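Next, two complexes with subunit A in common: one pairs it with subunit B, the other with subunit C.
Let's look at the complex of A and B:
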């Protein structure tokens, strides 16, 4: 029997039972679509997180006070306090290392902001002008903290804060009160929304010296460092760590994190998550495969007389096996293709509903979904095909 | 030429062994017209199945056109069936989802004949069996006589040496039955060996050679 005739013959069989064939294909299609849509979702989430991290810069090193490994060994550690503070002087010292291109010390706290008779609590960030390029910030109006006037009482308002206090948009040049000090508004941030858990729209930024006085602290919250080259990040990380240990009299009481490592960790976690979700979806393909087997077995017993006839007119057992296998292949291939289309449509709808989420199914998921579906179909067709080929012709013919 | 010697076929029902065929010796020359009659369970259908290579004897030898076909593999037996034997059944055994033309086409597909050649062959056959206007009807849309004509067309399209018919008129009324019998006899006239198994005395008596079976043995063999 020629392949063309074989495919045509089994296609005729499938189209003769439209409802049954449609239901099997639907099961297959839903399985494949599930694989594609769920991996699109998982991979979309991964890319979203990775993009968020990358927007802060990839050759970033973060220094935090305190040692992660020894967090429980001294009482203050739990409160975020360490025996020795990470100070502004530490930051300037590190800033002189050759690997460092830019650095920005960071203090974060909460204070009361008042102006034009209004009052609210705001998150304040004390830092230097360097934070602007390091975190890829954008201004809507005015200018950022100036390099020269680091000690002057200037303030940059988040977009939402500016809108709340100065609905007319005339914030620039106005004086506001933050805590017990007065600041001159020199700039307004562009709307940026949530980023890394910070809503920069509800933030105010002031020079770090003012922030430390206001918050009554000399310890930095974070020190952000941008290295000159992406490929020397490990080396820079080590140099910074050693420099700080030396300054702290040999005490290892800071944690240095390469931003890349955080990124890589998130990337790994979300990749694993995507794989896990895909694995669950593959189970539905296995179920669809069992359904194909079930229907094919029913088909063999329904068509016993036909199998007997095929044997009587001289069809070899191998050809009978091929006929039933070809049916399983038709069902699973068309089902897989329909599922592929369904999956692409579903991912498109996801992207439409959540424009922030780049929910593109990864290439491997498309291939894997289709391949597993076809494999499941063929494996499921195998047993019924063998059973059909083994039927005794005399017995088969006597069945009506 | 069909030569059976010492053919025995035993069925087991529980712990009882039934000799469906009990040391049958039978020779049928090419072009003969033979009827096999006998009561139910006399072994006549089993004999036909053995001759048609659908059933394997437990012992004995079977020579078909001088070749020992008893010990052939299943695949080889399928090929012999395809080339040398045509079956006609009481219940027609047409595939319900295929049209008359497609049912007739099946044996040609098995030989791997190209579609263009198949088309010509089917047209000729449909014409010969007076079925041209029924080519695209499904079995359910055909009368009993037409169905059996389609079945006979399918059995003979590869011009087998032997045509084996098991109660070919059993599901047909008397008039249509004798038409079908006449069609089979016409094919026999062109040289095809015709073996008919039947209960029907009238059909059986039309054959030139009449075999009666009883308890797995040949009781009467007259010509």
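Let's look at the complex of A and C:
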């Protein structure tokens, strides 16, 4: 029997039971579509987090005061309270290292902003002008600490804050009161929206010295450093750490984190999660495989007479095996393809519903989904095919 | 035909095709097992996280400096121009609902003692901290009730700090240097282990006022108020707010009840458990399609039998019931197998990996079982209707 004939023969068998074949394909398609949509969801989430992280900055190293003996997070570092401060001088010192492209010291706190008779509590960030290129932030209008001195009382308002206080839009050049000090509005940030749970539209930025006086602290909350090259991060991390230990009389009391390391961890976790979810979806393909086996077995027992006739006219056992296997292949390939289309449509709908989420199914998931489906179908067809091939022609023809 | 007869008839139809019955039941079983296993892990994690949170009690209010208007955490703990002070905490004690109040500062510092040094988390706490949070000392006592504004320089060690600095020796009475100040050790806390990634044993507790000195701060990070569990939360919040506004002149603080956090967390975890249940449900759906396929085939095969039943005077209703019984029995059988496999594996997991929290959620188990029955019923409906509608003469001639 030629391959063409074989495929033609088995296809005719399938189309002669339309309802049954449709149901099997539906089951296969559901499984494949589940794999594709779920991996699209998982991979989309991963892409989203990675994008969010890179939007915060690239080649970034973060220094925070305090260090824990045990691994893992520690509340002291989150709050940034230590007996020995990470000072502005430390930051300038680190800034002179050859690996450092630019750096921005950071102090964060809450203060009351009042202007034009309105008052509200805002999150303030004390830093230098370098923060904008490092954090990839943009000013919509004006500037921050560019030509005047480092110490001038300038303030940059977040987009939402500016809108709230100066709805008519002419915030630049106005004076506002933050805590007990007066600042000149020199810039307004571009709308950025929320990123990693941090809304920069409701932020105000002031020079670091003013922030430290306002918050009555001498310690930095964080020190952000951008290295010159991507491949220098490890090297720079070590150099910064050593420099700070030397400045702190040999005491190792800072934590230096490469931003990429954090990103890599998230990337790994989300990849594992996607794989796990795909694995759960693959269970449904196993169930679909069982269904194929079941129906093929039924079909073998129903077609006993036909098989007996085939054998009687001299069809070899291998050809009969092939006929049944071809049937299983037809069912699973068509089902898998339908599932592929269904899955792509599903992830397209996901992208439509959540434009922020880049829910593209990863290439490997498409292939793996289809491959597993076909494999499950063929494996499931194996037992019925062998059983059919083993039938005794006389017994089969007499339908005993 | 009595119901019992009908049931026996359906069961005989199932046992006549053992392989077929086994395969379609196992389709359902895999689905049910997946649902139960996944929800067991999901619900186990939920229980674990919630118990981590509630071990300190649920009737606690946290007050942090700074008012937040938008959602998200207040950054007021890190630094604020509007301070929350120890005096605030003392004033809150006058509230008729406050059992304990406690002002907290957290930081990271090098501690030296017993000739060794270590970097640990330093908590500045009030004398009521151990009672408010249900913590116990292993040796000695917790910080005494000194004047909170000028307490004596005593320190209480976490279990791990004790072990690392002093080994098995008794540290009571020794001197502990925290930052630049010296403290006398008066107690060691009982081991509490890790709570949500924070090692509570790698800590040193000192009086809040002393911690403020060490960290060179004026305001505390958080004030906790413990209220009687019987008092309604709204009343407590009202009272706390009144006292604080009286002191500060306006609302420049944020009150977060623990209960509110818990219910949010609980909702999130509930949704997660449901989501994994749905993931497992995909297999169940595929299994259901398998059931429909099989019932469809069965009706086709047994045309002659149906015709005979019809000719003998079985009503269409009776035939419908026969087929529905058959499919329901099949799927329930699958459901039972899945139930046993799923909970068996879940139980095995909890024995093998004692770290993995596994908790079999009985409402999901029940739901899964009912669902498997419903699947059988649903899968049987169309084929049963078809069987009942058959004309006896045509059906008998089918063979």
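Structure notes:
By definition in this document, the second predicted complex is superposed on the first by the 384 of 400 C-alpha atoms of A that agree within 3 Å, B and C clash if a C-alpha of one lies under 4 Å from a C-alpha of the other, contacts with A are read in each partner's own complex, and residues count from 1 in each chain.
Just so we're on the same page, a contact is a pair of C-beta atoms (placed from the backbone, for glycine too) under 8 Å apart; a residue touches a chain by one contact, two chains touch by 3 or more.
Because the structure is predicted, anything quoted here is derived from the model rather than measured.
More subunit A residues lie in contact with C than with the other chain of the pair subunit B and subunit C. Of the two partner chains placed by superposition, only subunit B is touched by A:394; subunit C is not. In the superposition on chain A, contact is made by A:305 with subunit B only, not with subunit C.
Touch criterion met: A:287 reaches subunit C, while subunit B stays clear of it.
When the two complexes are overlaid on their common chain A, residue A:107 makes contact with subunit C while staying clear of subunit B. In the superposition on chain A, A:16 makes contact with subunit B only, while subunit C stays out of contact range. In the overlay built on the shared chain, the residue A:214 is in contact with subunit C alone; subunit B does not reach it.
When the shared chain is aligned, subunit C comes close enough to touch A:297, but subunit B does not. Considering their complex, residues 1-2, 5, 9, 12-13, 16, 305-306, 308-319, 393-394, 397, 400 of subunit A touch subunit B.
Residues 19-20, 23-24, 26-27, 30-31, 34, 38, 65-70, 72-77, 79-85, 107-112, 120-121, 123, 179-180, 197-199, 202, 214-219, 221, 251, 253, 277, 280-281, 283-288, 290-291, 293-295, 297-298, 302 of subunit A touch subunit C in their complex.
Those residues of subunit B whose C-beta lies close enough to touch subunit A in the complex are 49, 52, 54-55, 74-75, 78-83, 85, 87, 89, 91, 93, 95, 97-98, 102, 106-107, 109-110, 112, 154-155.
Contact residues of subunit C toward subunit A in the complex are 19-20, 23-24, 26-27, 30-31, 34, 38, 65-70, 72, 74-82, 105-110, 118-122, 160, 164, 178-180, 197-199, 202, 214-218, 221, 252, 276, 279-280, 282-283, 285-287, 289-290, 292-294, 296-297, 301.
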